[in-house]
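Two complexes are shown next, each including subunit A; its partner changes from subunit B in the first to subunit C in the second.
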Partner chain A sequence: MNTSAQIGKYEFFNIIRNRWIIFYTILLLIFTDLLFRFGGDNPKVFISLMNVVLILIPLLSIMFGIISFYNSREFIELLLAQPIDRKRLYLGIYAGIVIPLSLSFVIGVSIPFIIHADWNFDKFWSFLVLLITGICLTFIFVAISYLVAVKNEEKVKGFGIALLLWFFFTLIFDGILLLILFMLDEYPLEKFSIILTLFNPIDLARVLLLLRLDIAALMGYTGAVFHKFFGSFMGFTVSGSTLLLWISIPIFWGLKSFTQKDF
Partner chain B sequence: MKRFKNIIEINLFKITGRLFWSPDKEKKSIIFIYLLFGIMLSSTSLTAKDVIVGKSGEVQSIQEAIRMAETGDRIFIPGGLYQERNIIIDKTVTIWGEDRPVIDGENQSSVFIIKANGVIIRGLVIKNAGVSYIEDNAGLLIEDARDCVIENNDFINNFFAIYLSKSSYCTISNNRIQGNATRESSSGNGIHLWYCKNITVEKNYISGHRDGIYFEFVQNGLIRDNQSEQNLRYGLHFMFSDSCKYTSNTFKKNGVGVAVMYTNRVEMTHNTFENNWGSASFGLLLKEIRDSLIRGNIFYKNSTALYSEASNRNRIEKNVFTQNGWALRLMANSMDNQIVHNIFEGNSFDVATNSRQNFNQFNENYWSNYQGYDLDGDGLGDVPYHPVKLFSFLVQKNPPGIVLLKSFFIQMLDMAENILPVITPETLVDKNPRMVRHYD
Partner chain C sequence: MIEIRNLSKKFDKIPVLKDLNLKLEAGKVSAILGPNASGKTTLLKSILGLVKPDSGQIYINNQSLNGNWDYRRMIGYMPQFAKFPENLSPREVIHFVEKLRGNPAETDQELYDNFQILNELNKPFRTLSGGTKQKVSAILAFLFYPEILILDEPTAGLDPVSSQYLKKKIEKEKLNGKTIILTSHIMSEVEEIADDIIFLVEGNIYFEGAINRILDDFSEKRLESAIAKMMQDTRP
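Showing the complex of A and B:
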């Protein structure tokens, strides 16, 4: 068996045994279920779920990632004493946490959805987009947290930076975006704003989800430009590859630092 | 035939009766004698007769029947298919379809053209008036006529269905108008009025045309109980039509909703505007509407329920705005409007504006987003309500900013602005927001 897979398997079961992951699943499960129970099967539930995906998932992923990396530091050092390829080790522990996190997200959201929702083709697609963006965000933010953890020996500093990054992507970036739009408001900015959203995975995920909803009509002309872009094959390719870039860049950066790191 | 004879007798009775009660007493007896003579000489010249169109009978076509008929006659068209077009009605006749005869214009030109006063058309199915880029072909064209009545007809797949120009005192009621419009440039309107006066349009159903109902230069029109839906552009479109009334109509799922422009003294009451949803759709768009009343309407699920531009001195009261994207978009050039006793519930944005100044009055509305309290128990909140959210203001100023719709940052910003307004118009405020939704 591949070393990477073996390490991943070990980490996977380690995480599964962890109480927090169960707590995370149950939290999502209860939340989604309550939304459906009180909100009925309507678009507003989807909007609230979208908020969960966009705020909660990045935060929990980044926190989980950083905690688990610091916690398994001794284990990593032990394994490093063995003749194991560093790359495989890193990818193994990354897979070991990202897979259970994604799984618990999928389970936590899907079960209430399957029970409560009235399925039709359109809703199925929206749900699929929700799942895919959620999984992508998990992958991205765990990768970022690992990068931060590898770069910083000090736990407190690592935590601080991770939180700050989450804060940047959920709040500060949008503030800067708004500022740029107002500074350049004499120019046509519809296309430019598409480009800007690509620089923040959370914004990109939000726009992709919004376009699946009725509420997209509120976006007026800008929305129409977005629809045209993201609805086309080109838009699909661009948004898909941007999300992949957002996953792969922190992974490889972290990997590089990890292989060069002096433990 | 016996039935027709009875009708003739009734008509005769009506005519003589009217003469008997003539206010001009001196002339009365003379007229009466003259009338008796007339009846003796030839009964047909004075009383209405019936002309029956029939493939097997002596009158083969509708046009032929009209040629044979005289003023006051009635033309009966039995059920069947009549492929005729450009039927010109130049006499006061009543055309009555039995068993819904179909008159097919074969996509070439107009079907009926009315040029006489007092024409009544009932019970026909008028089909396929041809698309033309030069002429306004219509299923029924009324030119320069008055006192016409068009009722209980079906209009199917016409370019324009009913087209009135320079006419007055006509009634169009209970018609079912169904178009097959696919492109705006190659389609006409359902009911089109141009330069008309005192027209009543009621209980019609219109769909699949470019504009459902179109009014231009019309005065004293009354539009009542119509349903206009799934038209390509506007459910109702009117311009330069002063002193008209629109009541209890339903406008649903039209491409752009309803647009009313350049008009004074309009009354729009108890209409329903619903499901006009799209990136450029409106429930009701007002442009340069003045001194008008918008009361008791229901706006449900429109992307923008009421959009007002350069419209002044209007009273917007007792309307219900539910689940719209924007309930009210008031451009800064709209002034002295009174927005009172309305209900705003579950809208994404209650009010949007593009200026920090405000020249309109808001009072005693119910806002479902209101979070104040009522200590003195008078039913009105003690804390004023600012219906303009920061984000809707920002977006009005800078449309691409809408990319941030539903983002966490915007939610935070709205909350902060709510607590301490600095950017949103301070004077756009409802000082007496209602605590509970009222029903009246």
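Showing the complex of A and C:
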């Protein structure tokens, strides 16, 4: 077996025995279940669920990632003294956390969905897009948390930066975007706002989900503009590929810092 | 054999190792001593490749370490503070490292047998004491018959019986021709197991040589008093 896979496997077993990941799965399970019980099987449930995905997943992924990286720091040191390539070690521990987190999310959301939803082809697609978007966000925010942890020796500082980044992407970014649009509302800003949206993975994920749901006009300015500008298919391609960029850039940046780091 | 030439390292512009030159022979135990923050751990970590030197070269058996990693196959390392994944057991971690090393047919079971940790092998690390973790760390360091042993305060946290076993093991491996480097704050222990002393002060080698020579130089009978004198001398 390949070294990264070995490391990933052990980190995986370490993580899934952690109480918090079980808590995370159950939390998502209960939440999704309650949404269905109170909301019935209608698009509103989907939108509520989408908001959970967009807020909760980045927060939990970034926190979980940074905690687990700082916790396994000594173990990383021990592994670094073994004959293994640093790059493989980094990718291994990344896989070891990102896979169980994604699994928790998929399990937590899927079970109530399977129980409550009235399945049809369209709904199945929307659900699949929801799952993929959630997994993408998990990958992105764990990668960001690892990058922050590699760059910052001090735990408290690392936590602070991680929380701030989450806060920035969920709230501050949109605030700034709206402010700019509001102040410059005499100009045609559609292209500009689309470009800005690409700089926030959470907004991108939202656009992706809304495009799928075809209710873009209902939710937010950027969604509507995106829809109008690209149409469903192009919008899908552009936002999807930018999300992939959002995954790979922090991974490679973190990888590069990790290989040059002193332990 | 390990040879270090002109090794320098700075952390945040503060020099930790200053143009260090050093030769560590096989079949000897070399103790790296020095006051706190004199660069001992940084030196050990440079040999391991955990710390990347700013300049200088390290050669192991005349092979320069240029960012390669396969040479670590030859090294067994015991860090200063052994910490392991909380939810895994010693058995799992040992199997894991064995797999990483390509499952060698034979491993060194001596410490395994002597430490008597059978009862603890399947418990998760978060429930184990510091001493037990240290034992696991020692087992891992010796497990693959490494040519070079790097031990950062190996007996810290061990009970007297285990500590004796570990020291005996170090002695035995020395006679087998291994290169052994250790640090320790317990001078009587250094006297017991080490042949050579490397005394670091602020990233420079202040003294390097056999233990007998130090004792002669400072006309002392005990290493502890000789080192204490040396530390007094180096105070600004």
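In this section, the second predicted complex is superposed on the first by the 243 of 263 C-alpha atoms of A that agree within 3 Å, B and C clash if a C-alpha of one lies under 4 Å from a C-alpha of the other, contacts with A are read in each partner's own complex, and residues count from 1 in each chain.
To be clear about the criterion, a residue touches a chain if its C-beta (ideal position, glycine included) is under 8 Å from a C-beta of that chain, and two chains touch if they have at least 3 such contacts.
Predicted, not measured: the structure shown is a model, and the values here were computed from it.
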Report for A:55: first if it touches subunit B alone, second if subunit C alone, otherwise both or neither.
-> first
Give one of first, second, both or neither to describe whether A:154 is in contact with subunit B, with subunit C, with both, or with none.
-> neither
Which partner does A:262 contact after superposing on A: first (subunit B), second (subunit C), both, neither?
-> second
After superposition on the shared chain, which partner residues are touched by A:3: those of subunit B (first), subunit C (second), both, or neither?
-> second
Residues on subunit A touched by both subunit B and subunit C none
Subunit A to subunit C touching residues, read off their complex | 1, 3, 6-7, 10-11, 13-15, 17-18, 71-75, 77-86, 260, 262-263
What part of subunit A is in contact with subunit B in the complex they form?
-> 47, 50-51, 54-55, 170-171, 174-175, 177-178, 181-182, 185, 189-190, 192-193, 196-197, 203, 206-207, 210, 214-224, 226
Residue numbers on subunit C that touch subunit A, as the complex places them = 11, 45, 48-52, 69-73, 75, 77, 79, 81-88, 92-93, 96-97, 99-101, 124, 137, 140, 150
Note which residues of subunit B are touching subunit A in the complex, please.
-> 277-281, 303, 325-326, 348, 394, 397-410, 412
